[in-house]
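The structure under discussion is supplied below as structure tokens; questions concerning it will follow.
Naming follows writing order (A, B, C and D), and every chain is counted from residue 1.
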Amino acid sequence: MFFASDNTSPVPQQVLDALTEANKGYASPYGADALMDEVRAEIRTQFEAPEAEIYLVATGTAANALSLACLCPPWGTIYCHRNAHVEEDECGAPEFFAGGAKLTLLDGPDAKFDAAALAQALDFTARAGVHNVQKGAVTLTNATEAGAVYTPAEIADIAATAHAADVPVHMDGARFANALVSVGCTPAELTWKAGVDVLSFGGTKNGLMGVEAVILFDPKHAWEFELRRKRGGHLFSKHRYLSAQMAAYLRDGLWRTLAMRANTAAAELSKGILTLPGTSLLHPTRANEVFAAWPRAGHRRAQSAGAQYYLWPMNQTLEGPDDEAVSARLVCSWSTSAADVESFLDTIK
Amino acid sequence: MFFASDNTSPVPQQVLDALTEANKGYASPYGADALMDEVRAEIRTQFEAPEAEIYLVATGTAANALSLACLCPPWGTIYCHRNAHVEEDECGAPEFFAGGAKLTLLDGPDAKFDAAALAQALDFTARAGVHNVQKGAVTLTNATEAGAVYTPAEIADIAATAHAADVPVHMDGARFANALVSVGCTPAELTWKAGVDVLSFGGTKNGLMGVEAVILFDPKHAWEFELRRKRGGHLFSKHRYLSAQMAAYLRDGLWRTLAMRANTAAAELSKGILTLPGTSLLHPTRANEVFAAWPRAGHRRAQSAGAQYYLWPMNQTLEGPDDEAVSARLVCSWSTSAADVESFLDTIK
Amino acid sequence: MFFASDNTSPVPQQVLDALTEANKGYASPYGADALMDEVRAEIRTQFEAPEAEIYLVATGTAANALSLACLCPPWGTIYCHRNAHVEEDECGAPEFFAGGAKLTLLDGPDAKFDAAALAQALDFTARAGVHNVQKGAVTLTNATEAGAVYTPAEIADIAATAHAADVPVHMDGARFANALVSVGCTPAELTWKAGVDVLSFGGTKNGLMGVEAVILFDPKHAWEFELRRKRGGHLFSKHRYLSAQMAAYLRDGLWRTLAMRANTAAAELSKGILTLPGTSLLHPTRANEVFAAWPRAGHRRAQSAGAQYYLWPMNQTLEGPDDEAVSARLVCSWSTSAADVESFLDTIK
Amino acid sequence: MFFASDNTSPVPQQVLDALTEANKGYASPYGADALMDEVRAEIRTQFEAPEAEIYLVATGTAANALSLACLCPPWGTIYCHRNAHVEEDECGAPEFFAGGAKLTLLDGPDAKFDAAALAQALDFTARAGVHNVQKGAVTLTNATEAGAVYTPAEIADIAATAHAADVPVHMDGARFANALVSVGCTPAELTWKAGVDVLSFGGTKNGLMGVEAVILFDPKHAWEFELRRKRGGHLFSKHRYLSAQMAAYLRDGLWRTLAMRANTAAAELSKGILTLPGTSLLHPTRANEVFAAWPRAGHRRAQSAGAQYYLWPMNQTLEGPDDEAVSARLVCSWSTSAADVESFLDTIK
């Protein structure tokens, strides 16, 4: 019953096998390995983006910060949701990589902002000429930090607003796979066809040891990205071990299969919780995260049974009346089994 | 016959096994995994440094740049050899992570500088008060970029000079294992006992997929290091896969065994080349790199036989008289076999 | 009728005279001039702060950004009001000088935040450990961007909250003189006695050509400030011309006299406007700025008579019904005469 | 007998008068003042550069660092002479403003480097692809830190080499006026006609209180420069007082007149010293600085007579035999009179 985070899971056997296979003999370093060629070709095909440039890094923070640094000048601001990972969980990495840029925080339910909120913020930025930071970049997270998803239409609205102001669009896709199988469209529809310029394509939370691809749909920043990656200490010499994992992830749609498992588990969990009395959801369950409230007594039973998850938000507590609803975050991953879900539901009943 | 670099080698079976073993079940993220406890304890023991704080990152550039950023303020300068990796091969990572610090380049044979060269540079820096950058940090590379090594006595001289000027000492140990088995002392003697404050303890070039430990012998910068690591995108969520590799590396002295193999191969290679007519060494062979010159005809035969290595320095060329000596760099790794060496020597004969 | 900003005013004759006087003969550069000794002594006396270190720069943005960079690490956040100059009017200077720090925006009426708002933000920052930016520094503006002032008691509350969290306090005193004469206490009471650690002591808006003093009540960051100032290009070689202006400003309380004139003019203006029908104030008039609304017809008359000021906030417009109230910002300075005020009131009547 | 530096001098009466004149009434802030229009027009005319964009800042370090930050990316290197002000006297300002760029130091007599030295450094930079910093910008100082000057032909050689490598050229003209009157060509010939892209046009060392113009001959970086200037705290609100000084400087060729006086004084001084026994020059006297050696006894007499100047380089000392030659730097300014020179020569005789 491990629902603390998708980053506590192991990796599937295919990834271990890929590493073993990749380990044979000598390979060119720094991304010149043959497996990277496969990764590049596969992503271009699966995203219908033959011109895209693709780079691998090992953490989501690196993927986001390096991407945003290419899109936003030091004197720019990055528009994001108030609860975005780039704002709340990266210790200022975007500010650091972008040379002191600012983040402008947008509001909206389920950790989503909409085109109107963006438009208002863009207008505000534009008011003060040289005295103010300038419009830099937009970043949206899909799936969001609240387990919601943006649809292609919503993304298109946001991107159109951004592009009308000459502002590029980045998508933090740490849980892109979960969003994709939830929305049920093509990778292209969820990204460049909707106006996304750069995607952090997550692998780590969805079954890799630590690999993310940055996909530059418009390759004009490719060389700059390579320099920033190197300078940031994010270019791997034995790059084949990143490539191998990402190649395995892309083969036969493994990435979608893994995400489907995680989303299914979350849906079951969410559904199961709602069958109990005194429960509710904080956010609709669209991907692999469940934000739900149930009676405190259930939490007590779950935690003494060894279930791992976070009370959410942070002001929630196990101390208080038994029947009061207390909310929590439960994250499923590719390795969450139906049995895990069932056992958990049993404990909180 | 792969002598281009130690980063083109595979990893030993123990590392793959360790990853498989580590993959079982769920693990706490971000360095709170049990394997990291093992790594920490093992390094403290092997380095006789019970107070040391240890952190893992995935690249040598990250290890160096994050370390130096903790030691040198933005208005400081980092003293290093003109051919140091931090100067020549990190695309300005130290400058970036240290917020715009400077590098002051020292000269000396075999990519080593001595205490006298450092003392002169320290004096020069001090001359201009607020108008000049300030004394920041010293970094020396062991083994050096020219395959040489610093002895404990040499390091102690340098460190004493640095500390007398209130300047901390960092060692870039991307090839620390190779230096250690070459010098034949203890890890403590080659580091903190000689005055090294922070060590980038390399694993990648010596058999890991991409893991380096930063060892802060004086833990006062520990929290700052953690924040810089996170902010630099270098904190791994699924950290156990770094820990597992480093733990395997430390177990039963695997790291020394691997380095011994690489050094032995290099020694054989070096000895073999010198038995041929018209040959010489550019630098003494002390670790796992050979810098040698032999007749051009030998190079032509080697390269048509598929041997991989770099002519060195860059102005060397295969065009010209057959019997003219042309120099090259040959890097051995843990996976270089006696047969590889023999075959190579046969081709250039 | 120039009410656009206090930075459109000339300087008083005393400042010109001081420059002429300072221009005699040769003087040591870079702050080693005798006039700087006078400035230092005078500020220490007037602020009852014998240990304080004092430095001059030429712009308020430099004063603020250099101060904050000394107080907040690159991975920290600076707590300020949402409408603070550091957030809205410095093009990201604090982020730049502090190496990529963040600003956390606090709300509150009249561009003031209180200790409770700060406490809540400090708590929020502390929640996420290494994943989040850290508590860095607090900065409050006195007088505020809305023409309000903080009292010593209010400042003491904020500073106590900050210090309890180990966070230092900076005051942006671009209009410190206006705040001081409004509150009617001593400079010490409005600063260090209330817990302010560093003050940007403004001269420019109150009658100098471009001189601000940074007062470090706790001198521990003094040398760092000097290095940051130099490195920021803010150390003047012919420093005596800054010193001369600041010395003139301090002599015989000129700075208070000038501020009193500006505040008096603003009070008259405010009072005069409120005597007219259909008028109101957006913020109480406590210093030298008036934020008031009056019928659109009055604006039209004023602007055709050549009055200079900004409609405020930016969504106000001259187009629309005559009798609708339209709001504006009117800034008085030391050179605003009673006649100016009267003429203006006549036009909008 | 003040020969310590040109920044210890007062300003000419014209500058004081211009400030007094500029002080009348109200003026638009932030460079929108009418005097700035005059400055812009005048510089465009005098430099025959109708497209140039011109900005004022208050220090030479700001002028250089802001200019270089526009020309060199964070991952680039700036080629300069080893003794350049940007390397030795700005506390790392170029590195700071350029986001962590590097400086590559070139050698050459009289603080000049030539096209061949630059070509070699450019070649070296290009060797390592993504692993190395990239070619960024060239900066040369005219007049140099050794009192020498670059001719248009020398500059054209350097600029052609730079441009062939796609590298822009900046000139640090803190003593541009002194170089110009020494060379005896037009401002255009010494700058854009020879290939200079950006000029730091110094005013401070040559008679202003603290004003430098940055001239962007190619205006493509104009808006970026404005943002960097603001963000660096270098945009003056009461900008008219910078404009007024620069306008006075440009009127009737005052800037050339002042420089001619300084150069003439230096030439007289140099000539006078060489008439004495046991003397020599370290560098030819081409502008307003004299680097000369004369017997120690003369130094002792000069210093007890109150003469102010620096022994040069720093290892020189007043202790030792009377007749041993000891070298020094003597800087003349617009205010150095023939009598000053004569008195000084008398003391050292």
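Here is the rule we go by: a residue touches a chain if its C-beta (ideal position, glycine included) is under 8 Å from a C-beta of that chain, and two chains touch if they have at least 3 such contacts.
Labels paired with UniProt names: A, B, C, D = L-threonine aldolase.
Since the structure is predicted, the reported quantities are computational estimates derived from the model, not experimental observations.
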B-C or A-C, whichever has more C-beta pairs in contact: A-C
Chain separated most widely from chain A (L-threonine aldolase), comparing mean CA positions: D
Averaged-CA centre spacing for the pair chain D (L-threonine aldolase) and chain C (L-threonine aldolase), given as whole angstrom: 34
Distance from the mean Cα position of chain C (L-threonine aldolase) to that of chain A (L-threonine aldolase), given in whole angstrom: 42
Approximate Å spacing (C-alpha centroids) for the pair chain B (L-threonine aldolase), chain C (L-threonine aldolase): 51
Residue list for chain A (L-threonine aldolase), restricted to those that touch at least two other chains: 74-75, 90-92, 96, 99, 130-131, 134, 227, 230-231, 235
Chain D (L-threonine aldolase) contact footprint on chain A (L-threonine aldolase) (complex, rising order): 30, 73-75, 99, 130-131, 134, 224, 226-228, 230-231, 235
Footprint of chain B (L-threonine aldolase) on chain A (L-threonine aldolase) - complex, ascending: 2, 5, 7-11, 16, 19-20, 23-29, 57-63, 65-66, 90-93, 96-97, 204-205, 209-210, 227, 230-238, 241-242, 308
Interface residues, chain A (L-threonine aldolase) side, partner chain C (L-threonine aldolase) - complex: 74-75, 77, 88-92, 95-96, 98-103, 127-128, 130-134, 314
